[in-house]
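What follows is a short report on a single structure.
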Amino acid sequence: MKSHTAYLEFNTEKIQEFILITDRVEQEIRKSGVKEGLILVNPMHITSAVYVNDAESGLIQDFQEWLEKLAPSGLNYKHHQTGEDNADAHLKRQLMGHQVTMAITNGSLDLGPWEQIYYAEFDGQRKKRVLIKIIGE
Amino acid sequence: MKSHTAYLEFNTEKIQEFILITDRVEQEIRKSGVKEGLILVNPMHITSAVYVNDAESGLIQDFQEWLEKLAPSGLNYKHHQTGEDNADAHLKRQLMGHQVTMAITNGSLDLGPWEQIYYAEFDGQRKKRVLIKIIGE
Amino acid sequence: MKSHTAYLEFNTEKIQEFILITDRVEQEIRKSGVKEGLILVNPMHITSAVYVNDAESGLIQDFQEWLEKLAPSGLNYKHHQTGEDNADAHLKRQLMGHQVTMAITNGSLDLGPWEQIYYAEFDGQRKKRVLIKIIGE
């Protein structure tokens, strides 16, 4: 069995940003030398998510408006009594599913025609990391 | 380490359909010969989900009504400016969690008493695939 | 390849309870002897979830109020025609993402600074189990 660990770094300009990371994930698979296996892509911070969906800018705006509707910022959250102001970011990341596990087949991501991997930042303008863990052979 | 890859095919009659796939997943585990391992069940299309919950028709209707309430069809989504009309299906699949990873123990799915694996189609009447990836030994 | 399987047991005092389980998960990693691998933490019941987020009591209350708003109890769900009264618990667990897969690096959970693993019970006061499956080497 082979394994490979990598940490992608992000520091977004805006508080909220959705960043396409499929190529960076693919690059780590090549480095790993794994031909058949599983890859976990997991944000190491609890106000961001990794998800799989379409690389279409209109849909990304739809996601952002929809998440704001279901998990609004600016409410009087109890979490804010600690001095934080980002409770909505903690909720939004749960709605998106938070993390993904994908398959590696023949040395590449085994993706459908429109599957793309995104990093969704909900509380940016600071250093964040995404963990990639590959196991297989 | 052993690995096994399979692609389940679907082409639903209705736009929205929830299909029980536990047996088909179990069948791939038998083919793989894996006794201890992990299995990823991942829809390869971004308007459907794989999830684990109850095989009870009333609850499935509750899911459908609830998803329609939280992610309504027919709204003026930005994604529709591309000519698509299925933005709600992209949102609904995120709410359901999109994919599952399950355990294989003693050569079978290691399920609780009511756990069942479902394919949830939100934009059907076309060919779709679900990827199954098994690793273990 | 090594594998390790464990079942955590819960029987909560209250219907709804959020329980920090990071240490119990870590303990199973030590037992497994796995240094590099993946760990699945999956509730075996369909009215509870395992998720990763902050160990902060205010945020946990925020989660509970938010889930009640998006998936209210006490509605006239179709699932209740079977005699059950817990349809909302089935919905809430989907919203939280239901399960997590985490990385093992150097023999420990590879966690960011605030990542904590929680068991979220939405229909407690009965015996429940959480499956832990570790594979790696």
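Every chain is named by a letter (A, B and C) in the order it is written, and numbering of its residues begins at 1.
Here, a contact is a pair of C-beta atoms (placed from the backbone, for glycine too) under 8 Å apart; a residue touches a chain by one contact, two chains touch by 3 or more.
Small disclaimer: the values here were computed from a predicted structure and weren't measured.
Chemist: Can you check whether chain A and chain B touch via the same residue numbers (shared by over half) or via different ones?
Modeler: On the two sides of the chain B and chain A interface, the residue numbers are mostly different, under half being shared.
Chemist: Can you tell me the C-alpha superposition angle of chain B onto chain C, nearest 5°?
Modeler: Nearest-5 rotation angle for the superposition: 120 degrees.
Chemist: Can you check how far apart chain A and chain B are, centre to centre, with Cα atoms defining each centre and the answer in Å?
Modeler: Measuring from centre to centre gives 20 Å for this pair.
Chemist: Going by the contact rule already set, what residues in chain A reach two or more other chains?
Modeler: As it turns out, chain A has residues touching two or more other chains at 1, 38, 70, 95, 97, 101, 135.
Chemist: Residue numbers of chain C touching chain B in their complex, please.
Modeler: Touch list, chain C to chain B: 1, 3, 5, 38, 40, 42-46, 70-71, 77-82, 87, 90-91, 93-95, 97-99, 101, 129, 131, 133, 135.
Chemist: Contact residues on chain B for chain C in the complex?
Modeler: Residue list for chain B touching chain C: 1, 36-38, 51-54, 56, 58-59, 61-63, 66, 70, 95-97, 100-103, 105, 110-115, 135-137.
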